[in-house]
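Heads up, there are several structures right after this.
What follows is subunit A paired twice: with subunit B in the first complex and subunit C in the second.
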Partner chain A sequence: MNASRRITTGVRASTVSFFREPLNVALLLALPALSVQIYGVSLAQFPDVGLFDAAGSLETTGRITGAVFATGALAGVLGLFQMISARNADHRLSLCGFRPVELVGSRFVTVLAVSLVISAVSTGTLVALLSTGVGAPLAALAGLTLAGLIYGLLGLVVGTALPRELEGSLVLVMLADMDNVFASGLFDIDESITQFAPLSHPHEIVRQAVVDGTLATGHVLPALAHVFAFALLGVGVYATTIANGGDA
Partner chain B sequence: MQRRVTTVLSMGAREFSRTPLLLALLVFLPVYIIGVFVWLVSDTAVPATIDGVRVSVSMSAFAAAFMTPVAVAILSGIVGLFLVQSSRAADDRLRLAGYRASELVVARVGLLAVGTVVAATASLAVALFAFSPETVAAFALATVLCGLTYGVLGVIVGTVLDRLAGVYVMLFAPMVDVLMFQNPLATDSPAWTAALPGHFATDALVGAAFTAGVPLDDLAAASGYLLVLLGVSVLTFYRTTAVE
Partner chain C sequence: MSARYGADIEGEANGREEAESVVTASGVAKTYDSVLPFRRSVDVLENATLEVDRGEVVGIMGENGSGKSTLMQILAGVLDHDDGDVDRAGTVGWCPQEPRLYDRLTVDETFRLFGRAYGMDDDEIADARDWLVDVLDFERFRDRRVDRLSGGNRRKLTLSVSLMHDPDVLLLDEPYTGFDWETFLAFWDLTAELRERGVGVAVISHIISERDRFDVIYELHEGHLHRQEVGEDETVDSDPTADGASCERTAAFFDRGGSAATDGGDAPEQGVSR
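Entry: the complex of A and B
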């Protein structure tokens, strides 16, 4: 079996195991929409008197924050559980001749596919709910996909380095929640610090796409750098653990 | 009954003590979430609505007070979820052996309380380092009540949903409820947000942090809410582990 065929087989197996659970599919479709709506409603209850450092209306900022958070967090949790649940199987596959880069590559492609689905749902919800519309829907979709990819890869890294469901979930949930607060731009926090929050660049891409109708080209490269860094980290940690028999 | 509950509780505590990484995370994560937030926000005065009165509080004190229930609710919710998930097989067998659903839920919630107290203690240590609540004891009690409320909610979610779906739900629920809908900086909260799990405990916590009196009404209401959730958790647990 050649490398591309092995990756295709891995992707198909991971995707089928995820979509086999109807509840997973339902949550994947419902939660982004729910998150966009809830974040919009919740921020609309705050007085728009300079309490927060938002560029546009608080409701719009809330909906954008909800979309970015839902996409990132859902992809992150999926990446985490993918790595933990497939740990022993992957070790056996590596003994059968699968290379670590092929195994982690198949997980990566699965996360990318699911991120695209979540991003599409989130973009559709933004278009439907924002009274002002979305200036550049494709740019918003790209920003949300980047958020999904970054957190999907972060989930893969956490799932590999911390292969226990409870502990891994605690770390990922805390990272996602805090990252979202920093990336939202709602609080007056120094940009030299918030730029290191993984979701900050995708958030800015989505914000500019929604509010200004343009692609925030200055944020694309840093977002891709996060993707690249987490991908490298993921392959490195994964190759090490598989070589050690699947134990971190 | 008491002996059986104690046995399950002590076995669970022993399992807990064998996972030092979990205990370390329960201590470290509140320090991270509260400490970083307090460190990063600017120290300006913000207007908050407490007991219907508009008061001015410093942003760093507000962040320390308000991120405390957020951190404890998130941690306890996830711990509650996995506590019931990981013990499901054992609990099914214990039910067959004659344990009642209420005994098992009381034992699991007892263990959850241990985790909540660990997380709450770490959170309070950071919060008290950053600001001084008006009534420390009531502030601590409200923090634990908020954690337990979300912990029991995690138990209910863990009983009816699988792990992946459960983590999805517990990822969103405490953040949206406590941080967004119970936020005293808001002036136009929809009436239905008063029915959310974090409402009474967060009201009690904010009152204890920034007003002189002890918010007994809110503490009593938060305890009542917790008891109702506990009843719901026993019912759902009974249904899912019912012996044929």
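Entry: the complex of A and C
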């Protein structure tokens, strides 16, 4: 009973903390729209002469890639900031009775909640900006949520191991950018490499949802495996940090 | 031995009734090792021995960088020590030097979150909150975010979080930095009241003029603790030093519902389960 009350209070506290920051809300609303638009317009400028290996039109592929990048990068940076701002307070809270596993649970649920919101905004932006529409919006939302969750957890890991806002953000944005290039399918890169890019499976789920209107069931399990792997990594790094008094 | 801060310790005996000493450290040593080459390790504590009895106010003094906060963190169970023993009887309240609070939560939300961590229910949290914001005079800031509080009010909240679960021993690292004069006096009233009720209190202090407020003073010098008994005629003045009202409010908090003892020998029944 006490554990569930503590987790509920912890989730509410960290979610409220997130949405109470105007910059977070502004980024949440503006970044997906900007990213979807800029990626879409940029790729649409290239003549379709076989330079890229895109399944749909270049504009559609660009907008999908922009949505996946915005969701992943934003969730990652917010996971990072959440961890940096809370690590010392989390340590004190754990001394006061919050078990580390409850704290980790609270952080994960918060990342999930924030990822859902970011994904909903990104999906809404895709629906609004794609002239062809989104074939299966719920499947697209699921794919984007997985992208947000993977990078939100990665943000927690980076924030725990590298608790610096500038350096941590740079690492995450660069990772998301490279990952997104692999995942986009624009270049003919060997699948033995791209399958390990964390965003490749969520990207494919979103692409099939938008272009084919179906759920790419073959990519759900690998994407969940990435979530599980990053969650495990996050628990280990976080528990070590809390045990060390908030210092990695 | 790990410290107990309050949660999930139902059924355990109350330290105030069982042990004379609430914190004992003997032969404690601590060295900060450098993980980088060409940087020397720093020996902070060597054979440090200290005892805090229940109903005793202990001062820990020493120059900047002498290791007072390190010692306090070791006593609180926050930091590992390399050698020696630390024993604690009962629950611990630790007020760190830096706030360690969540910037974007309000004062009320902070009480709720930490109260939950201590295993307190809604009524217990509300009672403790009302008592502390009243005694430390920051009731009008209850809806304000932590990052928008003044330094003094943030300090009051940090202190309150360490006190709200009615611990058996309070470990306070420069708790009144930034306090105005009235709050400073109210803090000492509160400390005197807690002392009367059997709480052991250890305070890191820099202020020489406060020496007569302590029962015992430990001077930390070059890693060693030197114990100094404060003379009988110099012991804590039990008279209120502020307006006296804060003592009454504290007494009312502990006596609410008529279940709490007031002679300092018995533990109050309220607050966190023990």
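One rule holds for everything that comes next: the second predicted complex is superposed on the first by the 247 of 248 C-alpha atoms of A that agree within 3 Å, B and C clash if a C-alpha of one lies under 4 Å from a C-alpha of the other, contacts with A are read in each partner's own complex, and residues count from 1 in each chain.
By our rule, a residue touches a chain if its C-beta (ideal position, glycine included) is under 8 Å from a C-beta of that chain, and two chains touch if they have at least 3 such contacts.
Nothing here was measured: the structure is a model prediction, and the numbers come from that model.
Of the two partners, subunit B and subunit C, it is B that touches more residues of subunit A. When the shared chain is aligned, subunit B comes close enough to touch A:Glu165, but subunit C does not.
Contact with neither subunit B nor subunit C is seen for A:Pro22 once the two complexes are overlaid on the shared chain. Shared contact residues on subunit A (touching subunit B in one structure, subunit C in the other): 21.
Interface of subunit B with subunit A (complex): residues 19, 21-22, 25-26, 29, 32-33, 36-37, 40-42, 44, 46-47, 70, 74-75, 78-79, 82, 86, 161-165, 167-172, 175-176, 179-181, 183, 185-190.
Residues of subunit C that touch subunit A in their complex: 3, 5-8, 73, 76-79, 94, 96, 98, 100-105, 109, 112-114, 116-119, 145, 161, 165. Residues of subunit A that touch subunit C in their complex: 2, 5-6, 9-10, 13-14, 16-17, 20-21, 85-86, 88-89, 91-93, 95-98, 245-246.
By the touch rule above, subunit A contacts subunit B in their complex via residues 21, 23-24, 27, 31, 34-35, 38-39, 41-47, 51, 70, 73-74, 77-78, 81, 162, 164-167, 169-171, 173-174, 176-178, 180-182, 187-190, 193.
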